[in-house]
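Handing you a structure now.
Labels run A, B, C, D and E following the written order; every chain starts at residue 1.
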Amino acid sequence: MIYGKVIGSVWATQKVEDLKGLKFLIVQHYSIKGDALNSFTVAVDAVGAGAGEMVLMAQGSSARQTPITKGKPVDAVIMAIVDKLEFEI
Amino acid sequence: MIYGKVIGSVWATQKVEDLKGLKFLIVQHYSIKGDALNSFTVAVDAVGAGAGEMVLMAQGSSARQTPITKGKPVDAVIMAIVDKLEFEI
Amino acid sequence: MIYGKVIGSVWATQKVEDLKGLKFLIVQHYSIKGDALNSFTVAVDAVGAGAGEMVLMAQGSSARQTPITKGKPVDAVIMAIVDKLEFEI
Amino acid sequence: MIYGKVIGSVWATQKVEDLKGLKFLIVQHYSIKGDALNSFTVAVDAVGAGAGEMVLMAQGSSARQTPITKGKPVDAVIMAIVDKLEFEI
Amino acid sequence: MIYGKVIGSVWATQKVEDLKGLKFLIVQHYSIKGDALNSFTVAVDAVGAGAGEMVLMAQGSSARQTPITKGKPVDAVIMAIVDKLEFEI
């Protein structure tokens, strides 16, 4: 999974029918050491994440393994809000 | 999902049978901050997107989760036309 | 999908049983603007593409969505021969 | 698969329901020659790997092919703890 | 598919149960022109490839489309041993 921060939202009225009602959030990728990276992914929110929160994102077909994304054209989902990281490099 | 702009189309008469009738659009990737990037993807249009429109694109098996791409050799689909982005970096 | 040019073939007698009879072509990736890129993919040909032809390639599980690649260990397929591109950057 | 070292853990109380009970470990990617690379992946542990251990990680839908990750929004799993590598470049 | 050379093996006693008995080989990626690249993938061998042999590797869910990798947490498989390449750039 990728670690990142929710930095905003995308609005799209004209979209594939069964995407209605999903929240599209913009996630800036972060390195594990806490550096903001210059890469971004638009992901569907499956856990009620808000702007500024650090999250985990699953991509590819794994993004469709939640009740709200099942069978939908979605390739990135926010599946956890991070409390803390502990690591030693 | 990837954010990008529709910049053109691809014509291909000789193609796998069940791709007939699908529109292949060229999407230039954009950073969330609005910079045009030097990477491009050819995607099937599932929402009636036109040249110059900003869109969201889903890739991989998720590209096959729309009525017109189901079961087809397609790995990128335009699934939303973006109204606006709001973000704070 | 990725845009590219067929530049050659790969021969492999010793291979997974159900790959017998498939044509493995070498595709050089091209930018939409027509620049040859320094990246290559070996793909199964599903449309009778020949050397020098510009093609579209689908990757990942989408590569298995053609009659000749279904259920096979193939992650890239040539699914269209390009007639022309039209775009405005 | 990717070769890497377990360097830490991620805690996330608020997450998709069926992820409860899974251990999220931080894996730093390593080159085969033993160089630590500047890329990291958060993966679910399926083999009881501990901090400092060298592991193999499978990604994408393959990450869901273990009893504890089946059907879950997980795109990376630790599926082996490496005893040794032997290679000649 | 990716073109590469088998340069070694990985031993891992502690692994997901149904991976027992599979051979994990280290594949160094090669450009089509024959240059060794600085990227490596650990792949399951499905064709009896040996050290020094040039091979083709399929990745992602396509890696699970062989009798020995079906349903297993494997995202890369060696599915062909290359006899020769012919190409014109």
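Please note the rule applied: contacts are C-beta pairs under 8 Å (C-beta built on N, C-alpha and C of every residue); 3 or more make two chains touch, one makes a residue touch a chain.
Since the structure is predicted, the reported quantities are computational estimates derived from the model, not experimental observations.
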Return the chains common to the contact lists of chain B and chain E. C
Between chain A and chain E the C-alpha superposition rotation, given in steps of 5 degrees, amounts to 145
Mind checking chain B against chain C and telling me if their interface is mostly the same residue numbers on each side, over half, or mostly different? different
How many angstrom lie between the CA centroids of chain D and chain E, rounded to a whole number? 19
Scan chain C for residues touching two or more other chains and write them down. 60-61, 63
With chains as vertices and touches as edges, which is it: line, ring, star, complete or other? ring
With chain D as the start and chain E right after it, run through the chains round the ring. D, E, C, B, A
With touch defined as at the start, can you tell me which chain A residues reach chain D in the complex? 1-3, 31-32, 46-48, 56, 58-63, 65-66, 69, 77, 79-89
If we count contacts the way the header does, which residues on chain E are in touch with chain D in the complex? 7-16, 19, 24, 26, 28, 36, 38, 40-43, 51, 60-61, 63-64, 71-76
